[in-house]
Amino acid sequence: MTYTRLRSEIDNKVGRITLSKPDEFNRMPPAFWSEFPDAIEEMDESGAIRALVISAEGKHFTSGMDTSVFTSGRSGPEYEAGRRGERSRRHIARLQDSFSVIERVRMPVIAAIQGACIGGGVDMISACDMRYCTSDAFFCIQEINIGMAADVGTLQRLPNLIPTGLMRELAYTGRRLFAEEAKSIGLVNEVYDTHSHMLEAVMSIAEEIAKKSPLAVASTKHLLGYGEEHSVSDTLDYQTLWMGSISQGGEMAKYFNAKQQGNEPEFDDLPPLSDD
Amino acid sequence: MTYTRLRSEIDNKVGRITLSKPDEFNRMPPAFWSEFPDAIEEMDESGAIRALVISAEGKHFTSGMDTSVFTSGRSGPEYEAGRRGERSRRHIARLQDSFSVIERVRMPVIAAIQGACIGGGVDMISACDMRYCTSDAFFCIQEINIGMAADVGTLQRLPNLIPTGLMRELAYTGRRLFAEEAKSIGLVNEVYDTHSHMLEAVMSIAEEIAKKSPLAVASTKHLLGYGEEHSVSDTLDYQTLWMGSISQGGEMAKYFNAKQQGNEPEFDDLPPLSDD
Amino acid sequence: MTYTRLRSEIDNKVGRITLSKPDEFNRMPPAFWSEFPDAIEEMDESGAIRALVISAEGKHFTSGMDTSVFTSGRSGPEYEAGRRGERSRRHIARLQDSFSVIERVRMPVIAAIQGACIGGGVDMISACDMRYCTSDAFFCIQEINIGMAADVGTLQRLPNLIPTGLMRELAYTGRRLFAEEAKSIGLVNEVYDTHSHMLEAVMSIAEEIAKKSPLAVASTKHLLGYGEEHSVSDTLDYQTLWMGSISQGGEMAKYFNAKQQGNEPEFDDLPPLSDD
Amino acid sequence: MTYTRLRSEIDNKVGRITLSKPDEFNRMPPAFWSEFPDAIEEMDESGAIRALVISAEGKHFTSGMDTSVFTSGRSGPEYEAGRRGERSRRHIARLQDSFSVIERVRMPVIAAIQGACIGGGVDMISACDMRYCTSDAFFCIQEINIGMAADVGTLQRLPNLIPTGLMRELAYTGRRLFAEEAKSIGLVNEVYDTHSHMLEAVMSIAEEIAKKSPLAVASTKHLLGYGEEHSVSDTLDYQTLWMGSISQGGEMAKYFNAKQQGNEPEFDDLPPLSDD
Amino acid sequence: MTYTRLRSEIDNKVGRITLSKPDEFNRMPPAFWSEFPDAIEEMDESGAIRALVISAEGKHFTSGMDTSVFTSGRSGPEYEAGRRGERSRRHIARLQDSFSVIERVRMPVIAAIQGACIGGGVDMISACDMRYCTSDAFFCIQEINIGMAADVGTLQRLPNLIPTGLMRELAYTGRRLFAEEAKSIGLVNEVYDTHSHMLEAVMSIAEEIAKKSPLAVASTKHLLGYGEEHSVSDTLDYQTLWMGSISQGGEMAKYFNAKQQGNEPEFDDLPPLSDD
Amino acid sequence: MTYTRLRSEIDNKVGRITLSKPDEFNRMPPAFWSEFPDAIEEMDESGAIRALVISAEGKHFTSGMDTSVFTSGRSGPEYEAGRRGERSRRHIARLQDSFSVIERVRMPVIAAIQGACIGGGVDMISACDMRYCTSDAFFCIQEINIGMAADVGTLQRLPNLIPTGLMRELAYTGRRLFAEEAKSIGLVNEVYDTHSHMLEAVMSIAEEIAKKSPLAVASTKHLLGYGEEHSVSDTLDYQTLWMGSISQGGEMAKYFNAKQQGNEPEFDDLPPLSDD
């Protein structure tokens, strides 16, 4: 597939999706909202991509959702109000799903952020597994500034990433959160001085992940996600089945065999999704 | 679309899906499991179908899932055990989803059952909104008879339809449940003496539904489904928003206007799904 | 308090609320929706009422909610759409709460139904502890017939009272459910031939309850309600605390003491709500 | 182990636990509450028992819990009130667990009931998989008659077995529910004219279950139990893992192999619990 | 209304509630527990107050609950133990509700804390949206020091605000948590050197919030609260309805219109609660 | 009881469990997994131990689970695959339970960690109430490095202790987390320069806890644990019953009496578990 708002590449088992409209501050018009989930899901298809890095060209990560997206979903042909409501509900659900796909794919997804990360950008990075940024990065729940509640995931996921009191200050005042504060509260794992240093470091983390058993990594991601929506006891029980069904010890045997022979283990790719 | 295992028709705003392999007892081979959900979803697409009737040709409703379906999902290329487990999990999830789609479409889905309804057939009718049958119909959780647990929805949905003690007797012994008992415990709403009488009556119910506001019917279906997975208080709260957003009173106004003028109200179709 | 739409009486520790506008088919205009919950809560205040019977004068139990109620909550001064939505949401929540109060009071609430029980009437009786009716009674989810989804509790509570398949038939078609069928599916506990026979029988059940320990009855009602919203294991755990805190054995001692002396036990009233 | 309040036997892969104090109406004194769960768990230990029948000698199934049980758990050495409360809580939890064990063992548990089934008896049979009774059987939530709330499972489990309105009538009035009504509402699966006819029929059902794959039966029981505490979608997901881990198709292969050779399949026992 | 334990003021759309008994260390006697929720709810009534600041006069924020409150709820007329238990339960529930009201009102509630914030004070500020303090502030879960478990919300809400390990250290040892540590772990958003600097800064934040659309702010608060009690997927779904019903885009239109004309947008107040 | 992998001591109402195989880096072979939960439960039995400290001899806290544990649970006699799966599931559940017991005992459990805390060590300390470490300590989710998902609690409990983004980095890369970072993110409460300083400080905290009412401490632990698995409103409600049943004010009376007489209160031990 080819995309107009982003670039999709693969580099030694690490996928990269790059927002590629720096002259438009990588804003998110309607096309973005279909291209982005398509690109993410495409990465998962073959089973050969073991980590995915999302970054952006230019001075800013993204200026967020185009208001045209909001408007388009709510207007339309002259249906009566309830039918317009039904369409609007589906429209918002589809926007939300464009970022929920980040949680559904099998490999970890890492966001590398510079400059402004605004509105829809915060929705997006909140759904990622890990976040890293440059020292000039800042985050802003822009929706409140233009008279609406953030509706594509920020209000659902960001509270799990930062302290509640700060979450509410950001959500009610729309003020900017800068890189150092983002690091100190755990929103980003690390701050780098330049864009290239950040990308170098993030790629190195992604490559480290790519060396692990992709079955173990995918299992870990799935179980962490499951745990966020279920109780500890339910998740412990669920994991006993997962271990018997999917994470059965074959990879561990491969690891110890390789080590015994003085080698690094080389784990097979996951099965492609289409091969069922 | 054209299908090999079933027939899909529309008759005056009522959709009909007919299992069309009576000479094979309407068994469910791999092709069935992709055709069936496609046919169901296709019915929802235009917004013009207001009720959906599932029936079958011949002496029996269905003899259930082909064992080839089970086997195919568990074999495959020579992956190590964990990867085979991952594929098998996706395979079963896809089978389950072939019937869950019945719950997701906007219109009520009605099953009209004669003769044997076995194994996968019980999975299917358990996901329908309502069930009607002929006096020669019987139901059988066949899986236990061949050494496995029912895995495509029967164990999840049938307990919500019949008394628990009987559910367990059927699930542990694999005995047949006959029409009259099915009626007395509420599994089917009515029993008819012949196939044609059943279809006539069921089509009449479907047509009655098709005269109602499709927005009100779809709202009712969605809210009943939501209630099955949430508490009463959560569902009451959810409904306050649904009423404000989707069921806003326009249909009621139409009803009273028509009545005032001595007419039956004619409600508009729902918006097509693609028109977003 | 005095009421315009109903009559509130107390008879030997049994409370009675009677819909008292038979010439208007006991319809439910705006006044009803504030009087009814007030009357119910007033019954709970003193701690001396141990069972509550809801019945109606005239040929019909109730013709249901006035459409004026629906309309009033959605119109109003010229707020913009979102603010109207906020008001409408509160309005519906308040209507819902007018019947949820039935579940919150400490004593069992029993509905005695004759003739038509339509729309809001079904919402109301679904929230009661038990239902009894005459042989000419019928029930109708009238909302679907006028183009809307039932929004005051029917879709939340009736599915817990009758088989799912029949629930959906009633909700989608708006057809009448008659007394005998209502009995056979468990919606009503018993059917009586005349109104007076019904009232006599229902009062006798209420008086039987009034002889029990009101602390044990209130505990049972609360725990059954808790169980409807929580898992079996959560409710078992919750009950271990309830027994230690509220149902501590004093009543049982009183029972055995009385029996030992050849008497019927006489249990004290519950504390009044205001006496905290 | 030997027991004083019951008899434990094994008969061709079917376990039988018989309440054996008919001269004391099979009442449940403190000894019963430790012997009963021990006997149940012992049946599960070897993996060779595939169904378990609980019945009772004499005219009545059981007269229920001795009040001495209640009293003992609440008295004790002279602790201050909070410590007594902590002990009492553990005491009630242990009583509850004496019946919850019925749900935890791997094989189906069937109750065969004659005459009176009162108080603790209702708690017990509510936790069983299936219930059968003689025509002279009756059920009574006796606790309300002596001034307390039923606290060993009746309030948690019986509402899942019978219509809510009747549940509440029984729980508030303490009246008897007789065999025919119990059958018509689904509490018992079948009514028999004599004790011996009942035992014959119930043993025949148990033997039928014993012929099935015990892995498939245990899987079915576990998944049905899981479904009662989780949503349909959670349970469907959980089952995809169960199928990959435990119900993997080996039994189905055995079934088809046997059938191909004109034989009935003979399934292996489950592994003993201690063999880990 | 007039209050004896606090002062209630409105200042340019920002409400202020000030604990006004500095000579009594703003302790919380019975009167406080009814005045405080009344004052909070009164602020929400008109729809014109867009943010609410809670602060205290004197050297300390509050010394917490009077033990007289605890005692009064547990004594009373000579009821038997179970009835005393029932009254006590209602008493504690009412105390809890005095702070839960902070979460229910439509505007953000901000706590500005100096000196001691002890016992009931920690319960209170844990229910607020944001917390700010002076450098001499400290927090103490005093209940454990006097032999009881904190019972008015601290054990429920504080674990969502600070790391679990520290939460437990504070709850088990009753040690003081000082301002700088409170800032570093996210309990408070900022620390100020003096009381007046804190109030100036906090009022400035409140005024910033007051400039936003109150509909968007109230929507954000409600959705964040909903998310704390529901799963991410449930909350995303709930929000699709909220956007259609309440946050419909009218405010955004107002924003862009104002901006286009070079003005700051002026958003209307929310509807008063009584105007339904 | 005597143990081979650890030492169990009691010191002035504080229990101490010490991993005692420093020459084997306190690795966790099969014996460990049965001795550890036995030692923990034994500490709870008498009711006299009010806090429990887990520490380790030697340079490292623990090198984690022996792979022999993993292998043993998955091999076994020649059962067919499904039966092996059933056994494996029980095996993993039992391993998980070896650490869940930390949450079930009545007293707080404190981990004091030096050097390496790897694999199973992270599972263990994640289940503790509080964690303290020396400046040379480090933590490592070793499982991912050897090709598997952590399956004994790390994936369930660690996400509640540290920021999600860092959790995922550690879980996917298997990198070491060092003491200072562990402190700054809240995983450990404090870092000490030497092992003996750490033990001194931790014992001092444990002794502080031991001076409090053990009923209040146990109530606090139970309620905090309950809150982690339930909503805020459910936990508030649950606490109203707990206060009436278990934390009834006797301890507070003792505290005030002692203080009035110028003494420190001396609280009684909890009842022994066996004394029911």
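So that you can tell them apart, the chains are marked A, B, C, D, E and F in the order they are listed, and the count of residues begins at 1 in each.
Note that in this section contacts are C-beta pairs under 8 Å (C-beta built on N, C-alpha and C of every residue); 3 or more make two chains touch, one makes a residue touch a chain.
Small disclaimer: the values here were computed from a predicted structure and weren't measured.
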Report summary line: Co-neighbours of subunit C and subunit E resolve to B, F
Query - Homomeric contact subunit C-subunit D: same or different residue positions, threshold half - result: different
Requested in this report: Quick one: superpose subunit B on subunit C by CA and send over the rotation angle as a multiple of 5°.
Outcome: 120
Query raised in the report: Which chain pair is joined by more contacting C-beta pairs, B-D or D-F?
Result: B-D
Query raised in the report: Could you state the distance in Å from the CA-based centre of subunit C to that of subunit F?
Result: 48
Report summary line: Where subunit B touches two or more other chains simultaneously, the residues are 85, 88-89, 160, 184-185, 215, 228, 241-249, 251
Query raised in the report: Where do chains touch, given as pairs?
Result: A-B, A-D, A-E, A-F, B-C, B-D, B-E, C-D, C-E, C-F, D-F, E-F
Query raised in the report: Once bound in the complex, which stretches of subunit C touch subunit F?
Result: 230, 234, 238, 241-246
**Report entry** subunit E-touching residues of subunit A, taken from the complex the two chains share
**Finding:** 67, 70-71, 74, 85, 88-89, 92-93, 96, 100, 143-151, 153, 155-157, 159-160, 162-169, 171-175, 184-185, 228-229
Query - Complex interface listing, subunit C residues touching subunit E - result: 73, 76-77, 79-83, 85-91, 94, 215, 218, 245-251, 268, 270-271, 273, 275-276
Report summary line: Listed in rising order, subunit B residues that touch subunit C in their complex are 51, 108, 129-131, 160-161, 184-189, 205, 208-209, 212-213, 215-217, 219-221, 223-224, 227-228, 231-233, 235-237, 239-245, 247-249, 251-252, 254-256, 265, 267
